[in-house]
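Every chain is named by a letter (A, B, C and D) in the order it is written, and numbering of its residues begins at 1.
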Amino acid sequence: MSRSLVIGAVLSAVFVLAALVSFVWTPYDVLGLDIPNKLKEPSAAHWLGTDHFGRDIFSMIMVGARTSIAVAIVAVGIGMLLGVPLGLAAAARTGTLLDEVIMRGNDLVFAFPSLLIAIMITAVFGASAVNAIIAIGIFNIPVFARLVRGAALSLWTRDYVLAARVSGKGAARISLEHILPNVTNLLIVQGTIQFSLGILAEAGLSYVGLGAQPPTPSWGRMLAESQTMFSFKPHLAVFPGLAILLTVLGLNLLGDGLRDALDPRLRRAKR
Amino acid sequence: MSLLRVENLDVSIHGTPVLKGVSLALEAGEILGVIGESGSGKSMTALAILQLLPEGARAAGRIALSGHDMLALDEAALCGLRGNEVGMVFQEPMTALNPIQTIGAQVAETIRIHEDVSRKEALARAAQALRRCELPQERFPLSRYPHELSGGQRQRVVIAMAIALQPKLLIADEPTTALDVTTQAEILTLLKRLAREDGMGLMLISHDLAVVADMADRIVIMRQGEVVESGACPAIFGQLTHPYSKALLAASDHQPERAGHVFEAPLLQVKNVVRDYALPRAGLFGGARKFRAVKGVSFDIRRGESLGLVGESGCGKSTLTRAVLGLEEVQGGEILLDGAPVFSGKRPNRAVRRKMHVVFQDPYGSFNPRWKVGRLVAEPFHLLDDAPEGRAAAIAEALEKVGLSGEDAEKYIHEFSGGQRQRIAIARALIIKPELIILDEAVSALDVSIRAQILDLLADLGTRFGLTYLFISHDLSVVRNVTDRCLVMQAGEIVEEGATEDVFERPRHDYTKQLIAAVPQLPSK
Amino acid sequence: MLRFVARRLVSLLVSLAVASCVIFVFVEVVPGDPAAYMLGLNAQEDTLNALREQLGLNGTLLERYLNWVGGMLRGDFGTSYTYRTPVSEMIGERMWISLPLAIYALTLSTLIAFPAGIWAASQRGSLVDVLVMGFTQLGVAIPNFWFAMLMVLLFAINLRWFSAGGFAGWEAGFGPALKSLTLPAIALALPQASILARVMRSSLLDTLGEDYIRTARAKGLSRRQALWRHALRNALIPVLTIIGLQFSFLMAGAIIIENVFYLPGLGRLVFQSIAARDLIVVESVVMLLVFAVIVVNFLVDVAYALVDPRLRVRA
Amino acid sequence: MTFMKFATASALAMMVAGAAAAKSDITLAMQLEPPHLDPTSAAAGAIDSVLYSNVFEGLTRFASDGSIIPGLAQSWEISDDGLTYTFKLAEGVSFHDGTSMDAEDVKFSLDRARAEDSANAQKALFGSIAEVEAVDASTVKITLSAPNGSLLFNLAWGDAVIVAPESIENIKQAPVGTGAFKFANWVQGDNITLERNPDYWGTPAKLDKVTFKFISDPTAAFAAVMAEDVDVFAGYPAPENVPQFEADARFQVIVGNTEGETILSTNNKMPPFDNVKVRAALAHAIDRQAIVDGAMFGLGTPIGTHFAPHHPDYVDLTAESAYDPEKAKALLAEAGFGDGFTTTLKLPPPSYARRGGEIIAAQLREVGIQTEITNLEWAQWLEEVFKGKDYGLTIVSHTEPMDIGIYARPDYYFQYDDAEFQAMNTALEAEADVAKRSALLDKMQRKIAGDYVNGYLFQLAIPTIAKAGVRGLWENAPTQANDMTGVYWAE
């Protein structure tokens, strides 16, 4: 067990736990406002203080974790669900038109400035967590498609694939039985990394007001709303910021740790 | 005093010993052959001499290279010696050169590091060195990049680098293993010549007894990090004492017992088969270009027969194999197994495929690491329309046939050695009781002793189940020992065909003659 | 080499064509009537129509697309609905902020990343390596807008070393202009540098494991010599890719940072234009950015071929 | 923790900050940038904020207290039937391009504004004008189709300023007016600069140069002021910072009132809001003070009707809709919504709306009304809410002065259609007598309050943050303007 794996696992676990617990319990109700108690510094009553509506920041961070994690997970899910089959197909039919189309399509998506697209999507369909998910998810598709294609191409040259063909198996079946199981490690590793990127992206989007809508708490919006106040109430900006930083850090470390643990052979550049 | 003297050298990597008390000596102008199978520590010995051991390795003992105590010298001093006093040639010419530097620059570098000379002069001397390695500038300008050269040519560049400064000692670690037999012969003669010309000591490391036997003045046989036997060559072959070296010698030229009835009726018929590949389009509007890998090949295999197919890399034998297996459609001619086409109506003919299977070269690449052996072995059942009942029994049976046990079905492939894996591969081939088994370089990656065992197994199975073999290999000596008839393939064509014995004793085609001449011979006992 | 370039050029053109369609359709479905936005609460229907006519908002989708593309080919990006000035001019102005900012940030990140990555790789496992990797981990994880906020608080509000934002304008002189871009550039560069350093390191480690490094050592090169003469240039290829990606990201992805520092750059222009439904501006700028990305990637590919002779033949 | 260090550091910084030396130029920041510079063809208040009375002048104009005073028209006579107004123009007035301003220009401007194809956003202002004629170079006669008590008021609007036919062509980029400042330069997306007009007909401006900087983002605004990048921030967008600035010797804070009635607009045609009981329940469910404190950090005056408190005719009706959740629940029950209902709450960008929205949502939740909050850009808001009338509730500040008339427009976005009120409004428009107008206005205020047409929240206050040395700024904003003509630096 490498150091980074442990630290990463712990950090990530903490926030996932916080998110889960927030479903059943939070120190305070994050929807109930308490204007008289606004902008309180951290104290015994409010461990991380209160925001400009007197809401308990600790509770909001817990629920915020829920939002970020949910958005990121679904976004990565979309990326995998669509990206992996595309990558497998491209590799199975390499050199053909299909392959060409898929890869060019990927390049095209990559060519679009992601944040702008996110903004445009929300401009069309209105700002909401769902649209944030879509916006982030779209850009996960090519990531996985490329990853899988690359890995699959090298797997297709293996003799055991040839053996499977000799045993009369078709491309689809081989992709499923031989290729996919052998790229899962890669997927797990890349998955965690995209997950952390997703959290960062969600924070960015909700920071510019395109993420989850109020009153649902979200880390990015907590930062945005506290911006004008953090010069005299630093805790408003410090804690949500740290929450993002630590979660992303945790996931990245976890990703690296998994990479080394699962497969020493692929010490590849992360991005 | 001798040029190189290694005295009870111990090397351990992260604590695990890899060399145990290795001692050997090499005089100037002498050729020392170091023989051993994988894991014998022969390469580690070489690296130890250059002090290029991998990280975490520690060496004890004594290495004296023309007076220098290699273990005592500091890094700077060592850099001064490497390439200057001692040069080294590695096994894999394809990766041993920096892909983005010209061969000229890379050879010249050796000179410029050790001597303060102008770039111009260094290049001039690099040109000489290359010429000595039979890469004259007229045909191979210094401005060439590695990827523009063949494997043999690259190996020559590597050698040129090593001998550019006429070092006292040249270490060649499996310099020809990755090369075709004819190229191998050329490289070996080259090395020999250079050694003689410069009165240079040459340490030739190889797994192949024959290769060394041809060249060496003295021989060292290693096994599991120890020297088991050494002596003058060829005399030593007469008086081998250590059982391992005896076994090794025997295995190197092993002839398995084969008894089996060969019928007249052909099992596989290949009728002037043509196979084309589409090349990347020339330019944007250039039409699709084709490369013809197999040019109208015809041959038959009789039932119960073992047919050899020899040829050097790129001669088209792998392509032909895939065509025979019905993996790819052919552009001309037809392939009949038991009278039925393997490939009919755009799609492989499953009914026919059941009658043949294949064993590949690489024991490590031919199994899905995530599957249990049982599932791997059973994969060919997919060819049957209805998987047979008693699947488990069938798997166990197949495994036992190849000398493994039924329990092994529950294990994963990484728990097995190379030889065992090849047995599993054979089990996989046997499980649906095919008539034809295609052995595609099936034993090429194995150490000689293991190879011998596998060859015996194949022979035994052949007799017991009346199997027919198509034995594809670049290794002529093996083909000679295990086939009844053989085909010689060159550039997509069959240039010679006949009973193995005749082909080897009385080759008719020039190419065949070359091939056979190039095969290194063991001294007859 | 030529064939290689030609091939890439063709696919470049194709992607551009497709991209333009995607963008246009996308932007056209954005709800919201620019005219209504411009005339506001008490506007009357006839006035709105008059304005729409002026803006050429009435007309079929295809007509408008062809006009748009045709215009761009002639270098005419149309006229902004809200500002009523040629879009090309607006882009021109904003470009003089976004482009220098991107270059500035990229230079910073490269200047940080290369030494860090090389150093870490050359001393793998050492304290240096651990530290560099640690910092890059932080750099990758920190949300750059948050980082920006912290920097403003420290350097602008408290220390007053830099102005909190805005752009001095090049007419104010090179120094001041650069100064006003410094904090944003740092905010952008930090995460990029971290990524780049990591790539540099792992790519170097990969090449250091190659056979030809061993060959070089056998020639008598020291570790350091082998690294500089043989490993580095080979390791550059993946690094180039990232630099390419980062440049295009910096051109467009600076939106948030441009907002934090209220720099009137391209990203912010789009952001405002979408809010104002100034569709023609949105279309053109996004198209421009996409164009930039695609061209940069193309250049990167060509750069590969320059670094790696193998690619020159492999068309 | 490091932040504490920052805090002390900044405290020090504030102490050592020296007073600004007298300067002849000033940088004034505001949130919104004008789309273009023609006040007569767009609603964007930003245009007036930059140009009103600085570059462009009308016949009449607003004084800082909201009263109407002579502008380019030195004096006027109103016929007894109230149908003809005769304006005497100031002498020797010339536009910045040197062309002289005379009656013809006035006729041109007004006719242009009320023409068929006019793009004037406030066309209604000129609805009652039948004819404009230039009697002589310095006399203009305006004839009305019907008496209009608010004509002088209407003519003071930024949309009614006098422009010249010679320069109308490029007005959007290079505005040419008669004001004390001339337009100098516009760096789009960043700033607009004005220069003193040396040959101004009236009292010349004290400053040589005024730079209007556009900073939309509140954080950036805060940073800009704190870092003293700007001398004045008019309409400072983050009230939460006001206490900080008040505590900071470097700055003065001017909190002025505006014409902005901030209301919880209610879609009167959409069930259940078509039921007056439900609307009443809304009104009682809202705690105005909490909103003023939470959203505006104490800035702003609670209002009980759609009328500016600082206006002499204002009636305080806040008691009518006092905060009383229990009563609200009761009313809902009566209306048959005992267990509440769900509706939409669509919020435009300004913080009063976004923050106020969250607070109101929480308050309505208390009485069982669930709200789905959607944050909209202005363009979307205009599309969906204002034009499409696709909303349940929204929050917006109506900054047009004396705009109670909008309640007489049944097609207006909150769709209040009441014959009685419309009658009152027609009467008001025809009425010129001050006393009678007051009486009417009183009735109208009570009427809409009694019908609980909208939730009346508070009168928007604009904090203006300025360097300590700045003098002569308008305190209140009777119209959206930053009149810089009287501004100067104290020694």
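Rule of thumb we're sticking to: a contact is a pair of C-beta atoms (placed from the backbone, for glycine too) under 8 Å apart; a residue touches a chain by one contact, two chains touch by 3 or more.
Quick caveat, the model's predicted, so the values are computed rather than measured.
**Student:** Figure out the least number of contact steps between subunit A and subunit C, where 1 means they touch directly.
**Tutor:** Shortest path length, in steps: 1.
**Student:** Centre to centre, using CA atoms, which chain is the farthest one from subunit D?
**Tutor:** Checked the centroid distances; the maximum from subunit D is B.
**Student:** Using mean CA coordinates as chain centres, what's the gap between subunit A and subunit D in Å?
**Tutor:** That pair's centroid distance is 44 Å.
**Student:** What is the distance in Å between the mean C-alpha positions of subunit A and subunit B?
**Tutor:** Roughly 47 Å separates the two chain centres.
**Student:** Report the inter-centroid distance (CA atoms only) between subunit C and subunit D in whole Å.
**Tutor:** Roughly 40 Å, centre to centre.
**Student:** Give me the residues of subunit B that touch two or more other chains.
**Tutor:** none
**Student:** At least two partner chains per residue is the criterion; list those residues in subunit A.
**Tutor:** 123, 227, 231, in rising order.
**Student:** Going by the contact rule already set, what residues in subunit D reach two or more other chains?
**Tutor:** 3, 6, 10, 219, 226, 377, 380
**Student:** Run through the chains and report each pair that touches.
**Tutor:** Those chain pairs which touch are A-B, A-C, A-D, B-C, C-D.
**Student:** Under the touch definition given earlier, write down the residues of subunit A that touch subunit B in their complex.
**Tutor:** 158-160, 162-169, 177-178, 181-182
**Student:** Hey, which residues of subunit D end up touching subunit A in the complex?
**Tutor:** For subunit D paired with subunit A, touching residues are 1, 3-4, 6-7, 10, 218-219, 221-222, 226, 238, 240-241, 244, 290, 293-294, 354-355, 357-359, 361-362, 365, 373-377, 380.
**Student:** Okay, in this complex, where on subunit D does subunit C touch?
**Tutor:** Touching subunit C: residues 3, 6, 9-10, 13, 35-36, 42-44, 116-124, 172-173, 187-190, 213, 215-217, 219-220, 223-224, 226-227, 229, 377-380, 382-384, 386-387, 398, 400 of subunit D.
**Student:** Subunit B touches which residues of subunit C in the complex?
**Tutor:** Residues 3, 6-7, 10, 210-212, 214-223, 225, 229-230, 233-234, 307-310, 313, 315 of subunit C touch subunit B in their complex.
**Student:** Considering the complex alone, what residue numbers of subunit B touch subunit A?
**Tutor:** My answer: residues 325, 327, 348, 350, 353, 357-358, 360-362, 365-370, 376, 379-383, 425, 428.
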